[in-house]
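The first chain written gets the first letter, and so on, giving A, B and C; residue counts start at 1 in each chain.
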Amino acid sequence: MTLARLRLAALVAVLCLAAAPFLVSSFSVTLLNYIGVYALVAIGLALLTGIGGIISFGQAAFVGIAAYSSAWVSAVSGYSPWLGLCLAVVLTCSVAAFLGLITLRLRGHFLSLSTIAWGLAIYFLFGNIPTLGNFNGIAAIPPIPIGSLKLSGSAQIYYLIWAIVVVCLVLSYNLLNSRMGRALRALRGGKILVESLGINAFRVKLAAFVIAAFLASLSGWLYAHLSTFISPSPFGAEMGIEYLMMAMVGGSGSPIGGVLGAALVTLLKNGIQDYLPLITKGASGELEIVVFSTLFILFLQRAPRGIVPFVARFMPQLRHVAPGTIAKLPVRAQPAPGYPLLIVQDVERRFGGLIAVNHVSFEVNAGEILGLIGPNGAGKSTMFNLLTGALRVGQGQITFAGQGICGQSQSHIARAGIARTFQHVKLRPRMTLLDNVLLGAHPRLHAGLLRGALRLDRVEEASAHAEALRQLARVGLSDDPFMLAGNLPLGKQRLLEIARALAADPLLLVLDEPAAGLRRQEKLRMAELLIALRDEHLTILLVEHDMEFVMGLVDRIVVMDFGSKLCEDAPAAIRADPRVQEAYLGSIA
Amino acid sequence: MDGTIAGFLAVDGIATGAIYALVAIGTVLIFTVTRVIFIPFGDIAAFTALTLAAIDSKKMPGTLGLVAALAILAFLTEAGSLARTRRLRQLPRAALIYLLLPLAVVGAVWAAIPFAAYEPVRILLALALIMPIAPLLDRIVFRPIASGSVLLLLVVAVALHFALVGLGLIFFGPEGVRTEPLTSFATDIAGIPIPGQSLLIVLAAIAFSLLLFLFFDFTVMGKSLRATAVNRTGARLMGIRPARSGTIAYLLGSVMAGVSGVLIAPVNTIFYDSGFLIGLKAFVGAIVGGLISYPGSAIGALFVGLLESFASFQDSALKDVIVFATLIPILLWRSFASKQIDEEVEE
Amino acid sequence: MSAMLTIENVSVSYGKVDAVRDVSLEVQPGQIVSVIGPNGAVKTTLMLATMGLLPLRGRITFEGTDLADLDVEGRVERGLCLVPETRELFAEMSVRDNLILGAYSRRDRHDLQADMHDVYRRFPRLRERSTQAAGTLSGGERQMLALGRALMAKPKLLILDEPSLGLAPLIVREIFTTIASLRELGVSILLVEQNARAALETADVGYVLETGEVVQSGPAESLINDPRLISAYLGSH
């Protein structure tokens, strides 16, 4: 399926939506209205939870803030619902930004628990503010006027709701295919990965959080003027969970899944309400909840990833067509060969009583490949993490390109020009090769959220794509840039990581065991690539314990054992050194 | 607010906090062993109160039907999983554990209710009946997704809570219950009246915490539970089955929740859906303890009880707003307090 | 004499690659068998799969029983015991509690005290620290505790994954002396090591694993001075 056919399918879907009020009963139109309203929240959750990995139980509270804002402006104070929309969006996004600033640094379940906490606090607040009608709510909310037309009938507001849904869908997909969207999609790869790419994870999370709240505020505004009456109950924990269900059922990784989930959950609830009384006589509303929750649990047990990933196999893969002439991204000047690019001075790091790195010093000179080797448990990985900022240096100094980098954040060090790879490959398996490499170029690009969503970033994106394709070609992976990274064999995944690191235009490439798990042929291939990169004046620091791989490749070797530096020399001298032989082969007990 | 009122509020708060503490400790126990944040725990407490009220009035509690239904479901789930992995040889054992044992409890309680003349006996019957619920739910709901993320387990636990609230209405009806006080004893300290029930609540909380502590420290089974919580892989390599540890944790937790339900029923009117707020507030207490520390959780739960007591004096309508808003700074503090450990794990 | 443990054509995948490829090896009753090779991850993968912690293709039998039907705990109950590279101690529990839990899988717990004294006799340091939390021990003491805890299970086959990893030479010697002394208990041992010389000195039979495959095997003493082995570790000339 091509882009043209996808556009055709989207057009048909929009036409169907437009024709619906003429074809179905007015009750069905009302149902569709609610589906649209819920879908907005679910799209936000698809971005926040499905893609960003931040589970929020509190979206219903955001919907509530917006609904109450607009109801208060229009029904209580008598101003236009459009003014209500302004207040709804501003207030909801401000509250979200405030809550996000406080809570988004929380880890894992602490974060989702906090969403329950503020969700409930806000919910209880609604019922206790007299001007908002306490638990009785606000009635007689006026319809939204467009010119002289008042959208009071369900078929009239229908077009407004679904126009907003479609626009939001398009904007979300645009966003996902932009610089910030890629950063958002990378979040689930873990903080270490994201920060190593020079991305400020917290800012990306905050942006996603506010975007989700923005979508919830649109939903709340529409909800208030659609139902003309609001009370606290639809903004409580139950609804918050229902929104989450919609996103998860639809397939939480895709905005369209939010719409599908909202439709499915709403229709299912409606169906249960209709048919349950026929099966069990006198069944109460509570039995609906039992059936509904049970279905949801069963669903999560069988298909924790939702509908869309299941259907996605039949969906088209978008293939970018490169335009003719493109401006190149600016590149850094590499330092003169021999310049001491990285200076490690007397560095120490302890874990509890264990000294993992014990007063180690060495230098990496521009234009060379330095191997840092040693047997398992020698402290190489710790040294590596200290260099890249993943761990804090206990004592000592690390200087990179003339700047002290001790105590700097990982993303700061990455932006300073140290690009790394991982011993256990960290790629985003469900992103294409191209997107993975584009992630590496993140700090070199500038497009923000809005430019991404409105597709004003196309010139820069074209340059970035060209650069990414160039790096893929450099490591020999240009055959199919639209393949998913997870489908590559390990050897090529390691090459892809290097391409991603190269896309950051680094001064120093640090590789963590690049040969681990590779077959002999793959190792040879890797060694050839690294030598080619050095010939292009790139500086490389290599942490390895595969001696065979290191020997033929590097210019100098630093050997570590028991956390200390054992010796430092050219490869041939290292091999002949009896201390190294003992460290590697072990002593005779 | 004068000293007497403050004292009165403090006594009230400590009693409420002690009830939350029991549930909080159970929550921590289950979380550490199974990684499930068992939100429906408050429901177990509420169901115990409802069961006891039914037994008190010589009615057959809805719990009988609930346990029987869950036992059948659990057995079918287990049988299905045994069939899929071609281990049908173990079917008789599964039938014994998941079907016959819970049904035996149901049968025994059913037979004993008409003869239960004394309150302690009725309490024991209610506790016995409530105990199988959580382990059976574990088998039906959580075992199939045991390796899922904490967040998946949390979402499922929340959904399970809603299912239980619905089941509560079906099995117990919409009426609220308030059981007879367990004691009419009352005293006062420095002019502040202290109801016997409050004393009883605090004593029970202390006694059960102590028992749990002894269990952990002095029995191999208790140690194996701790081992599962501390290091799952390590425990498996010693032959400790995490699923079995989970069942024991659920049983113990149910006792804690059940006792809290028995204690709260004479103080507050309990409805089929009262459990959510009890569970949630206990949970707030558990988070103060970082979801890993038992004394921390108990202190946190007491803090929540006191906070609620004083907040409802200041502004009874906003007490829940205050309790949940307070949770956010606590979460921040906990999250940053445990950061150091996180860094080490990353390494 | 039938083998105690037979690993037949076992492959273990780790993501898309085969980390272990078509490996076969045998442990006879009472034997110490060493698996050596420069890449720790491959050996560890094989051991985890043998314990049932990773899925595998191929067949593993223990005393004639196909292990495919048994889960990890079932294998422990049959007398298989792994001391993993990561030790997996119960860090927040006391040394004594760790040892007590070592005996969890045993049916007969009546001679628990005697066995605990036996462990303390082998590792007097553990007796000194019996009430201390395992997490506060030094690297060498942790390895001793891991070994001691495994001995409490009275296993028929003990699998040791990199027991010398990250330990100072003096302690490495102590650990290997202990391993050699376990022969008298009649325990069979599968020893995975990167300290090739010490491992082969201790073992009866050795297997060399390189890039996931067995490239060499034979009596331990014939392997020790094999030039191919040395090149595998230090890189070919």
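One rule holds for everything that comes next: contacts are C-beta pairs under 8 Å (C-beta built on N, C-alpha and C of every residue); 3 or more make two chains touch, one makes a residue touch a chain.
Bear in mind that the values here come from a model prediction, so they are computed numbers and not experimental data.
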Result of counting contacting C-beta pairs for B-C and A-B, higher pair: A-B
Central chain (by mean CA position): A
Distance between chain centroids, defined by C-alpha means - chain B, chain C (Å): 41
Centroid distance [mean C-alpha coordinates] between chain B and chain A, Å: 36
Multi-chain contact sites of chain B, meaning residues that touch two or more partners: none
For chain C, residues contacting two or more additional chains: none
For the chain A and chain B complex, residues of the former touching the latter: 55, 57, 102-103, 105-114, 116-118, 120-121, 124-125, 127-128, 192, 238, 241, 244-245, 248, 284, 286-290, 292-294, 296-297, 300-301, 304, 351, 356, 381-382, 385, 390-392
Complex contact set, residues of chain B against chain C: 220, 223-224, 226-227, 230-231, 233-241
Residues of chain C touching chain A in the complex: 14-17, 19, 38-41, 135-136, 138-139, 162, 164-166, 168-169, 172-173, 176-177, 193-199, 201-202, 211, 230-236
List of chain A residues in touch with chain C within their complex: 352-354, 375-377, 487-491, 493, 516-517, 519-520, 545-552, 562, 575, 580-581, 584-589
Chain A-facing residues of chain B, complex: 37, 141, 144-145, 148, 150-152, 154-156, 158-160, 162-163, 165-167, 169-170, 280, 283-284, 287, 291, 317-318, 320-321, 324-325, 327-328, 331-332, 334-336, 338-339, 342-344, 346-347
